[in-house]
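Labels A, B, C and D are assigned to the chains in the order they are written; within every chain, residues are numbered from 1.
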Amino acid sequence: MQFKDLVSENKKDWLKVVKHPFVDEIYRGKLAEETFKFYLIQDHYYLNQSMRNMAILISKAENLKQKQQLIDILNIEANVEFAKYQELLEYYSLEVKSAEEMKMTYSNIAYSNYLLAVSSQAGFAEGMAALIPCYWIYLKMAEYHHHKLKENDNQIYQDWATVFKSSDYKELVENMVEILEKEIETKNFKKLNYHFKNSIKFEYQFFSDVYQRKIWEI
Amino acid sequence: MQFKDLVSENKKDWLKVVKHPFVDEIYRGKLAEETFKFYLIQDHYYLNQSMRNMAILISKAENLKQKQQLIDILNIEANVEFAKYQELLEYYSLEVKSAEEMKMTYSNIAYSNYLLAVSSQAGFAEGMAALIPCYWIYLKMAEYHHHKLKENDNQIYQDWATVFKSSDYKELVENMVEILEKEIETKNFKKLNYHFKNSIKFEYQFFSDVYQRKIWEI
Amino acid sequence: MQFKDLVSENKKDWLKVVKHPFVDEIYRGKLAEETFKFYLIQDHYYLNQSMRNMAILISKAENLKQKQQLIDILNIEANVEFAKYQELLEYYSLEVKSAEEMKMTYSNIAYSNYLLAVSSQAGFAEGMAALIPCYWIYLKMAEYHHHKLKENDNQIYQDWATVFKSSDYKELVENMVEILEKEIETKNFKKLNYHFKNSIKFEYQFFSDVYQRKIWEI
Amino acid sequence: MQFKDLVSENKKDWLKVVKHPFVDEIYRGKLAEETFKFYLIQDHYYLNQSMRNMAILISKAENLKQKQQLIDILNIEANVEFAKYQELLEYYSLEVKSAEEMKMTYSNIAYSNYLLAVSSQAGFAEGMAALIPCYWIYLKMAEYHHHKLKENDNQIYQDWATVFKSSDYKELVENMVEILEKEIETKNFKKLNYHFKNSIKFEYQFFSDVYQRKIWEI
């Protein structure tokens, strides 16, 4: 079994994520600014959790080269990514507080803690299978929607989307996929597929909650 | 700050859980059998995850007596609780498979992994604050709905509900609350409240998904 | 590869543990009382750490029956074992404090934290391979030295040693070995052997430090 | 309580590390080449474990700035540090294999797993208290022995030692101490001191085993 089997097994689901109106509208430049601001705040929390998750996976990586690759990604997230968020947050005069003080969506809390649970409790392979959708799906989104950027006159959305079409981003995702590829066996495929599928579905829930600006209330 | 502050801060939310139609109907003996069967299968998975979570908390407990109390609870779950489930599963001819092969609700996956993430990543106090709602709410449910059992002529629902009104169950919950009580400080209250609140909300989502027999699909 | 391969690969080392003068003297009833008291205090700390370790392994066990077996062992340790220690500590008027306040041997700190590191960081199979020597070696000690108990007139040492010759203890060890047996593959044998070997060597260091009543000082 | 209290409480012990003949001889340029080569191989394994440990601490850091500082250090270790080792290993034609295939010292296995156990099982503060000695002690060694470098005509030892006297290294250590400083309270001081003290003692054991080129055998 290979990574391409994870991709084909979950095609129906990940295509739903790729085609989500949130994604379509941001590429067309039509997404409501309030929705983008809502997304920024949610994703800032998610990124923070995701960095914790990456650190756990680094602690479990046995191969030195793989460890270095993941450390490079973590380093980019901690410096480049966060700086980019900081700029956008300041541009929109948004304030970010601690998780306990922010209003989060249901899917944001559910997804980010799911990743932490899998990486902490299961092994490296399963943690990687759960983590990868969050990177890989942005590549598929770029492939699918990129042509819409020509008519997009929202500079901020343009800049946001352009990153995921860069060769740097493509290489980052390919490196992660390569790391997972080495872990896939017939024996663990069902488990890896389970985590891959769940994360794909969480991606959908994440976009849906954000698109509806739906804070978790019961 | 004390446990009663967690209770009063989240009263609006936990009352919603207590009054959920699933709970009302099971106490009245009116819950659709298909829904109860759906619940059994979901809760079987949840209990399995919950035992893993309890084990993590045991590994972090510093006080010997507290550790022994949590081991006692884990032991009851692993033997008494699971045996009870086994009987019911057999009675209804239900088959339970591994997580990867079962169809789970969104809230079940989200809630059970949230607990694992908090216990693995945060400290003992936070893990206990996240764990307790799942035990404590069944006590509140019993207090609120118990009088309805008189007219309940479904023996299985009767038996299910009677457990939570027993003095043994009350003592179990009181022991857990006492363990958490010792951990509550002014300094960590906001965090403990955050996890307590999230778990209360997850309880609601759990009942809602089960009541609608809603498998996670996107 | 099987458990018996771990046993044969490490025979030279585990025989050294079995034949350690501490073990010989306790079976003959000749061990200095001060040494036994020193052992009790060291082992009390070790047992506490070992219970934390068992709890981590329980949280990682995937098979329900295996999980129940490990919970049973943890339950026995937390109740039967600790009660036995409590009696002996009272008999000798020994006081046990927290780890920070006790004077521990080098090997005690090293060994018990080694187990915690393997169980936390590596998977279930490796954690079991590291854990088992501590149970299994006491069985081998009983087989090798048991005949000496006839001339042992120290009732306390008699009682201590008799436990490890009981059918209950044998069954406990066999259950653990059976759990590990299912995890052994050609692919992971080198790693499992590494952890098994290290724990055997730690057992030797533990007895040596205790026999010399050698608190860790530099 | 402050970091300086940890320093003064453990002065007798850390001075023993600083004055260890291994350290004296490397600064004087008199250390046997075989011993340095032995040290390189042991430290290569230790650095690998130490990076895993740092990753666990990153996953537990709550403050974003602190997290970024620790990620910077991890990044330096994974790239600069390892490259430096690679050069030295090639220069001496030394081959490094996996932990299971290398012959390690007792203290190396004990120390590196102690760090992993504390970071995994205890909280961020305790993990930092256990980790810091390994960085901080090299600063104290540089202060104490630096004048000896003038007469040191071994270029490799010169280069090795010079790093720890650089302003970059001083800043790295000061940043780590500052992170720990914020975590020290009267309430947790005894625990933090326990871990700080143990790591200082492990540093001594590490140098002693290396100085004697003493592979762990029983």
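Quick note on the criterion: contacts are C-beta pairs under 8 Å (C-beta built on N, C-alpha and C of every residue); 3 or more make two chains touch, one makes a residue touch a chain.
Per UniProt, the chains are A, B, C, D = Aminopyrimidine aminohydrolase.
Not measured: the values here are computed from a predicted model.
When each chain is reduced to the average of its Cα atoms, D sits farthest from chain B. When the interfaces A-D and A-C are ranked by C-beta pairs in contact, the top one is A-D.
Chain A and chain B have Cα centroids lying 31 Å from one another.
Averaged C-alpha coordinates give centres for chain A and chain D that are 35 Å from one another.
With centres set at the average Cα position, the gap from chain A to chain C is 45 Å. The residues of chain B that reach two or more other chains are 52, 59-60, 121, listed in rising order. Residues of chain D touching chain A in their complex: 48, 51-53, 55-56, 58-60, 64, 67-68, 71-72, 74-75, 78-79, 82. Of all residues in chain D, only 59-60, 121, 123 touch chain B in the complex they form.
By the touch criterion stated above, chain A contacts chain B in their complex at residues 13, 16-17, 52, 99-101, 106, 109-110, 113-114, 116-118, 120-121, 190-191, 193-194, 198, 201, 204-205, 216, 218.
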